[in-house]
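Below, each structure is written out as structure tokens.
You will see two complexes here that share chain A, one where it goes with chain B and one where it goes with chain C.
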Partner chain A sequence: MPKDIAAWIHISENNAVTVFTGKVEMGQNIRTSLAQQVAEELHVPVASIAMIMGDTDRTPWDAGTFGSRTTPTMGPQLRAAAASARDLLVATAAQQWKVSPTALSAADGRITDSKSRQSITYGQLMHGQQLVKLIESAPPLTPVVDWKIAGTPVPKVDGRAFVTGRHKYSADLSHPDMLFGKVLRPSGFKATLTSLDTKAAESIPGVIVVHDGDFVAVAAADSATAERALRAIKAKWSVPPQPSNADLFSYLKDHVTASRRDEPHIVGSVDRALSDADVKLSQTYTVQYIAHAPLEPRAALAEWQGDKLTVYTGTQRPFAVRDELADAFHISSDKVRVLVPDTGSAYGGKHTGDAAVEAARIAKAAGKPVKLVWTREEEFTWAYFRPAGVIDIRSGAHKDGTIVAWEFHNYNSGPAGIGTPYNVANQKIEFHPVDSPLRQGSYRSLAAAANHFARESHMDELAHAVAMDSLDFRLKNLDDDRLRAVFQAAADKFGWRNRKPSATRGFGIAGGFEKGGYVATCAEVEIVGGQNVHIRRVVEAFDCGPVINPNGLRNQIMGGIVQGIGGALFEAIRFSNGRILNPYFSEYRVPRFADAPEIEIILMDRRDKPPMGAGETPLIGLAPAVGNAIFSATGIRLRSLPMVPNGLPSKRA
Partner chain B sequence: MNNHIDHDLEQALIQHEVDGRLHWFELDRRDFFKMLGCGVVVCLCTRDALSQESGRGFW
Partner chain C sequence: MAPIVLLVNGTERRVEAASDESLLSVLRDRLQMTGTKYGCGEGQCGACTVLIDGRPVRSCLTLASQVAGRKITTIEGLEHDGKLHPVQEAFLHEEAFQCGYCTSGMIMSTVGFLASTPKPTEDEIKRHMDGNICRCGTYPRIVQAVARAAEMARKE
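Right, the complex of A and B next:
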């Protein structure tokens, strides 16, 4: 990251502060929380700050907005830049007034000498010049306990524009000469084009047909004409045989890629410990592919000016998309500019520049700017998915509830959150990468959702096997103070000790640690009509260090819980032989308002710890807590996500 | 841009990797020659070039 203050912060003559970051806003409220942190350290009002985000020509290089990394990495970076800038401003004023810097104070965007009562705004002091200084190695950061702007519920920057529809997403942008692009999609994955007839499409006035290898697309002055042209194209595709849901889990276990395999984590001897254990369990858990289903589909507006390409697109990784475009068109990266308007969510699904590459390819052929917006069907089919997975667990415990053996194998879904936070003397934990039958990639919390579902479901099974309360069993095997604290906090608020399960009412608890955040989730479910599962109440305690914006954090946690309901209960991509069978919201069930439970959130606000991200970890406790609650009501143990796509099964585990 | 990438970020990038790409475009003729032009190395040889003898130096 650049060390010059000027790369990150600029103050204009009228005292407006501009902050530059390669991070992007996609609903997680970092435009607000980062501005708060700069305001805190620079001693300016939040309203005076404009954030320039995700513009590859104007912002410092950034790997992308993912992995809950903005708060722990970009937050400190901007705080350091702002604190160093404040130091520079004070020193400049001191030099100008020939006084000691210690006699001056900085507040509300101005420097004041309390003795002489001289005062000057930052803008007047700098005359709009760059802040020429390196960021200090030990900048004078405001201690967290003294925060006055950070740590408060500052309203979401531009919030009104989003709720009134005034905000322009990538799909809303336009250009006077713009054409609308559409891509002819193959009839299945891994298809090759065997014949193509574009005569009818080309005969439609104003239509341009683009054909490059297996890529076929059209452009027209309006999207209806582009759609008509697309339908007029006759194409035949050859689609090779491919697996389907029916044989997915056996396929995953049979197609481990040995070359990418990591060394397993081994402590002690699981086999020896199991031979001495009073209770032994062996279970398999499975997870289906699911889609990100962002409300804003992938979209891009691309324009060529000579050999310079400019693309507006909603992506989590503008610099990676810039490089992807440069690579696709065999030009250098400095010929490509990517700009990211605040985006209508991504959930890990917008790492790539698929729509950007397509729009740019059509624009290159058409010689005009081209806008391309994916349909919902394209979004569900040609994006990538959260990996499916199989998780095998073998475990053993003593009668007193001490876990003595833990063996955990994850096939395909990923290594995130794979380690156990519980004290187990004998462990073997291993991730087995697989050649996935579907294109897969990151999804909010990565594999931590799958691994926590398996682990925390299995913890409940072990507690049941040794006849211990689920919470007591966890606490008995847990030393981590922060994880213990969220379990206790969630359980107390939920009334765990007073719960009264029945055949129609169940209660579950689960928790974990991931991306520097600690979470515990309690869920109450109701079984309606013997078959339908309704989540009635969720209490979640979350610790991500000091809270930077309590409103934003609550929104992140609530969003994670509601999104987690989908993957827990009913979301699953159905596919067969290279085709997605449910590529519409009418067939792919996402959480609805009626699915949302009463949600209570406890923010631990640990001001003695460094701040961490909150975009992912709040999601990981929901599925196992709900599964455990279903078991407490019905005695049915559900070990596959989604758990009840067709209602509660009648067969008992 | 590898100089920007610390170990944590490298691990995060590996975990967030997305399988494959949707499109690979072929170079058109003009692009092909433009790219080829970037890689052309011009070599000149002189008839009586002196070569340095091995084994005779200051060290």
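Right, the complex of A and C next:
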């Protein structure tokens, strides 16, 4: 990351502050929370700050916006830059007025000398010049306990642009000479083109057909004509045989990548411990592929000027997409500019630049700017998925509730959150990468959701096996204070001790630690008609250190919980032979109004700890808490996500 | 392509459009009114909701030619002289959005709903809005925003 202040912050003559960051906004509210942190340290109002985000020509290089990294890394970076800038401004004024810097104060965008009553705005002082100074190694940061702007519910920056429809997402942009592009999709994955007839499409006035190997696309001055041209193309594809959901889990276990083996985490001896455990359990948990289904599908507007390429697109990794484009067209990265308008969400699903590359290919062939907007079906089919996985657990415990053995194998879904926070003297934990039958990638919380589902469901099974309350069982095996605290807080608010399960009401608890955040989730479910599971109430306690914007944070946590409901209960990609069988919202069910429970959120606000991100961890406790609640009502243990795509099964576990 | 005249937010707009072209595509791609969003094209997400003669419809499933001459209201037509519509106010006040992509459709659905159901119960709100997807999961706040908008409208 650049060390000079000027790379991050600029103050204009009229005191407008511009902040540059390669992070992008896609609903997680960092445009606001980062601005708050700059305002706090620079001593300016939030309203005077404009954030330039995700513009590869103007913002410092950034790996991308994912992994809950913005708050723990970009926040401190901008705070340090802002505090250093404030020091520089004070020093500059002191020099000009020939007074000691300690005699001056900086507030509300002005430097003031209380003795002489002199006062000058930052902008007047610097005349819009660059803030030439390195970021200090120990800048005078405001202690968290003294925060006045950070830590408060500042309303979302630009909120008005969203309620008026004025905000322009990538798909909303236009260019006067722009054409609309459409890509011809193969009939299945890994397909090759065997015959192609584009004559009918080419004969439509104004239509340009692009054909380059297996890439076939059209462009026209309006979207309706482009769609008509696409329909007019006759193509045949050959699609090789490929697996389907039916044999998915055995396929995963049979296709472990031989070349890439992660070293298992081994402590003590699981086998020995199991041989003298009072209670032994061995269970398998599975998760299906699911889709991010961001409401704004992938879109891009690409324009060539000579050999220089500019692309607007919604991506989490503008710099990686810039490099992807440079590679695709064999040009150097400095000839490519990627700009990311605030995006209609991503959830880990927009790491790649697929639409950007396609739009740029068509634009290059057409010699005009091209906008490409994926359809919902394309988004469901040609993006990538959250990995499916199989998780095998073997465990053992003593009658008094001490866990003595824990063996955990994850096939394909990923290593995030694979460890256990509980004290177990004998452990073996291993991730087995697999050659996935579908294109897979990041998803909000990565594998932590799957691994927590398996672990926290299994913890419930163990508690049951030793006849202990599942909260007591967890606490008995847990030392981590922060995790204990969220469990306790969630349980208290939920009324865990007073719960009264029945055949139609169930209560469950689960929790964990991931990406620096601690979460505990309690869920109450109702079983309606012996068949349907309704989540009625969720109480979640979350600790991500000090809270930067409680209003935005609550929104993120609530969103994580609601999104988690989909993967927990009914979301699953169905596929067969290289085709997605349910690439529509009518067939791929996502959570809707009726699915959302009453949600209570407890923010721990640990001002003594460093701030951590919140986009992911709040989701991981939901599925196991719900599964455990279903068990408490029905005695049915559900070990596969989604748990009830077609209602409750009738057989008992 | 044939000329059609649409009455959008009180203004007559003359456009050339194919006979099978959706109102959504005409609004977005021909009239550059991009406040109305595409989310699915199959009537499942509500992102494209507009009002026709005051009633919420899915513009992705509505042919532009069929609504020629009828009163079309889009998200761009709610604000008057810089003053937000109460439903917009309520969404802003509750911060009932995250990425905001569903927001236009949510607001238009709410405006149409409250016109026929000025005093909705929470259940009625959820039932009516169930055709609108918020993938960010902001539903509880949206319910609050709708309730708040209803209350504001009653006070006016």
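Rule of thumb we're sticking to: the second predicted complex is superposed on the first by the 653 of 653 C-alpha atoms of A that agree within 3 Å, B and C clash if a C-alpha of one lies under 4 Å from a C-alpha of the other, contacts with A are read in each partner's own complex, and residues count from 1 in each chain.
We adopt the following convention: contacts are C-beta pairs under 8 Å (C-beta built on N, C-alpha and C of every residue); 3 or more make two chains touch, one makes a residue touch a chain.
The structure presented is a predicted model; accordingly, all values stated were derived computationally and were not measured.
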Partner chain(s) touched by A:I561 [first = chain B, second = chain C, both, neither]: second
Which superposed partner A:M1 touches (first chain B, second chain C, both, neither): first
Residues of chain A touched, compared between chain B and chain C (which is higher): C
Which of chain B and chain C A:F329 touches, first, second, both or neither: first
Touched partner set for A:R376, first chain B, second chain C, both or neither: second
First (chain B), second (chain C), both or neither touched by A:A596: second
Partner chain in contact with A:T198 - chain B first, chain C second, else both or neither: neither
First (chain B), second (chain C), both or neither touched by A:K168: second
Chain B contact footprint on chain A (complex, rising order): 1, 61, 63-64, 66-67, 69, 212-213, 215, 319, 324, 328-330, 348, 351-352, 354, 357-358, 361, 382, 384, 414-416, 436, 439-442, 446
Chain B residues within the chain A interface of the complex: 1, 4-5, 9, 12-13, 15-27, 31, 34-35
Of all residues in chain C, those that touch chain A in their complex: 17-18, 20-21, 25, 28-30, 32, 34-42, 44-45, 47, 74-76, 78-79, 84, 88, 91-92, 95, 97-104, 107, 125-127, 129-130, 132-143
Contacting residues of chain A [partner chain C, same complex]: 26-29, 155-156, 159-169, 171-172, 174, 180, 222-225, 228, 293-297, 342-345, 347, 373, 375-376, 551-552, 555-556, 558-563, 565, 584-586, 590-596, 598-599
